[in-house]
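Below: the structure, in structure tokens.
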Amino acid sequence: MTASKTIAELKLILDDEMGNLANGDNLEKVLTPGFVDKRLYAIYLIETYHYTYHNARNQALVATRPEKLDARYMKYCLKHAMEETGHELMAVHDLKKAGFLQKELKEFRDTDLPKPLMTTEVLIAYLYRVSTTGNPLARLGYSFWAERVYEYLAPLMEMFTHLGVEKSAMTFLTDHSTIDADHAEEVDRAINMFAKTEQDWEDIENCMRTSLRLKARVMDSVFEEFVKLKKGISNRYDFLNK
Amino acid sequence: MTASKTIAELKLILDDEMGNLANGDNLEKVLTPGFVDKRLYAIYLIETYHYTYHNARNQALVATRPEKLDARYMKYCLKHAMEETGHELMAVHDLKKAGFLQKELKEFRDTDLPKPLMTTEVLIAYLYRVSTTGNPLARLGYSFWAERVYEYLAPLMEMFTHLGVEKSAMTFLTDHSTIDADHAEEVDRAINMFAKTEQDWEDIENCMRTSLRLKARVMDSVFEEFVKLKKGISNRYDFLNK
Amino acid sequence: MTASKTIAELKLILDDEMGNLANGDNLEKVLTPGFVDKRLYAIYLIETYHYTYHNARNQALVATRPEKLDARYMKYCLKHAMEETGHELMAVHDLKKAGFLQKELKEFRDTDLPKPLMTTEVLIAYLYRVSTTGNPLARLGYSFWAERVYEYLAPLMEMFTHLGVEKSAMTFLTDHSTIDADHAEEVDRAINMFAKTEQDWEDIENCMRTSLRLKARVMDSVFEEFVKLKKGISNRYDFLNK
Amino acid sequence: MTASKTIAELKLILDDEMGNLANGDNLEKVLTPGFVDKRLYAIYLIETYHYTYHNARNQALVATRPEKLDARYMKYCLKHAMEETGHELMAVHDLKKAGFLQKELKEFRDTDLPKPLMTTEVLIAYLYRVSTTGNPLARLGYSFWAERVYEYLAPLMEMFTHLGVEKSAMTFLTDHSTIDADHAEEVDRAINMFAKTEQDWEDIENCMRTSLRLKARVMDSVFEEFVKLKKGISNRYDFLNK
């Protein structure tokens, strides 16, 4: 098995997983004209803020493993963590631009937002665990899809645009896609450079599948919370009803 | 209190601590002609290997704290960790160059060396704790002296030269002084930029004092182990008696 | 809101969650005569082994939180952890009794079993996170259902019996129900004693819901893996085909 | 080497270490009539509070190690942690009884006391590290001396009595000696039961020596802080000058 072939294989598995994720029922409602509105975007940004807050942290944790690590892999993890640092603030910026946060950014506190949804907590929990236990290479599987997810999310951005979200309130999504194009290549190179055994590839693949499925649950919850808000069954996001 | 004044003050406290550290009895023996030999350098390198192994790791841990951190400070910690990554291998290189390790570097395993001395374990333990609890800025106090210690160690290098250690077997000490000249300036800038309160400065100072004293104990132990080896009371370093 | 009322409420929420969990498709197949066999029990035991291995550990972690804790709650956590210690070995015992493990118990190693399934990893990850971050009382929500789940699982035991599993190979399930009857009462008392604020009750409830749903995913995966084994699409459990 | 012989040997090493610890200069001053007063006891209690706060926590951490552990050793650690839980409150009680704390015990907050001294931080750091890395049995070396230290401290209690400390303000020291007589036997039994290899005994011995030396430094600092307070060179403990 050559490594380059395997990156292509991972990509196929990713396509396959992505195909399976689309939740028919939710998707249909999302596409029904007039069903969703900008508040869906706000809920999406809030959860994005929450898990993104931890991305640099759990990425850096990989480099702090007690065991001997390839120095180049340690540096890769630290550099990548450095680049992810503070990205959660883009979600806060977008929330403000979209009119859902009245405060100045520098006065923003975590407590200004509802806590993470259960599904977001689970995603965060998994990323910490995969970063601190088991194969130190496994977390590359998360980066593998997270850095290239934006290609899959073009329809999402289009939908938010239709809901009236301005381009200037989509910095997390747009700027991120540019940044992440380079990142995706770096991740591919890193996988090719550091994954040496069958087990390495398997652990990376497992992390890819698991984190992606957990992210899909987050997206489902975001939609479900929107529906509850719309129907008035939950007051969790009442502050979004300006 | 202006920040720049305080860096100067920290420097004075450091000079003062350094002055107190010199252990009269040990120093006298070290300076007695013919008392010490190259094996002292080997023991020094072994302990240097052990604590340096953890420096990038505990530095990176600061950036993984759960609490909200200034993104610029997180990046500083990650960048600094990246620069310290793999430096323990310079100590291994020097051990080999000085004739105390027969293996190829790429085949080197931790288990080829005796475990850390108790005093080294204590230094390592403290650096992990200060990096993971209390004021996230405190660890800057360790960097403050560690990055500029080489100015104080010129006499040490001279002594090792007299013992017959070649320049090519002193990469950790020599290359490090060059690298660390820049680092020392960065640390000063970081302290000036991030330390805002009286408490911040105090915590940085405490970490500086504590880690420096623990490092001095390591140096004492290194010397004591050399004496035991010379007198034949301990077989811990017998492999150094080629 | 009186506390005793709330335990009753938690119980209602639990009943409700349990009702929602039953996966129609899977259940139907499980109940189809001749569809499942003892190998389903083996896969169930393997995953039970994996997450149970961590239960005493993550329970004890709650008592190691850096913040000040009620000494009685710390003791409760430690006592409960003590009682859960080693329970994973009952699953190993049952595997052996049911004829799926040839080794002597004392020679058993983790590596004798396939690694945890992804869904089991996620459950484990969540339990570690809830035990080490956020509200220290939250993990009581896991105990709340875990200690009384056996009342819901009577049909499961009956099914395994029909598949030919001997009573002596069901120590985890049977002995556990006896032990856990007492535990369930202790958990109720602990919740009533330590949960003081609305937020405490909410965090306990959230942990209950989340861990229960993650456990349900584990059960789904167990069934799916059985189906793959039966159809021969996966060789992960080939060693069960004696 | 028989195990029972080795407990006796450990005891001899402990006696030897204890003999070396007595710091001539400090001891002489302590014994000079009129040199010390009750404030020395207060400073001693404050540091005792600080490290004791962590004892149950770091003891419990041993049982949370990811690796497979003997279930009986896990239970030993958890039981012992349970017994140590809340003991720091005895130091708070004694501080109050001796007249150095005006608050009700239930209103006591960590922030009512000065932070730990540097040497206390180092002891705490070491105990966390030894509990979470390396040989899981090593921490028994700390318990080995900590549970029997009271026999060595009789002169200390006598001195505090001479300084006018009432028996009712010495619960930590007196009650602890009674409790710990049993503990010391349990520790001996545990070492005999779980330490199997030469390395186990060596790691236990190293932890005993290291933690004892670090505790001795704490005692030195306590005395040095008293001298600074007496001379008026430090205002850290001004609240003790009623």
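For clarity, chains are labelled A, B, C and D in written order, and residue numbers in each chain start from 1.
As a convention for this text, a contact is a pair of C-beta atoms (placed from the backbone, for glycine too) under 8 Å apart; a residue touches a chain by one contact, two chains touch by 3 or more.
Everything numeric in this text was worked out from a predicted model, so none of it was measured.
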{"item": "Any chain that touches chain D and chain B", "value": "none"}
{"item": "Copies chain A and chain B - rotation angle from C-alpha fit, nearest 5 degrees", "value": "180"}
{"item": "Rounded Å distance between chain A and chain B, as computed from the means of their C-alpha atoms", "value": "39"}
{"item": "Separation of chain A from chain C, taking each centre as the mean of its C-alpha atoms, in whole Å", "value": "29"}
{"item": "Centroid distance [mean C-alpha coordinates] between chain D and chain A, Å", "value": "47"}
{"item": "Residues within chain C bordering two or more other chains", "value": "66"}
{"item": "Touch-based graph of the chains, sorted into line, ring, star, complete or other", "value": "ring"}
{"item": "Pairwise chain contacts under the document criterion", "value": "A-B, A-C, B-D, C-D"}
{"item": "Complex interface listing, chain D residues touching chain C", "value": "56-58, 60-61, 63-66, 68, 71, 74-75, 78-79, 81-82, 85-86, 89, 110"}
{"item": "Parts of chain A lying in touch with chain C, wherever the complex brings them together", "value": "118, 121-122, 124-126, 128-130, 206, 209-210, 213-214"}
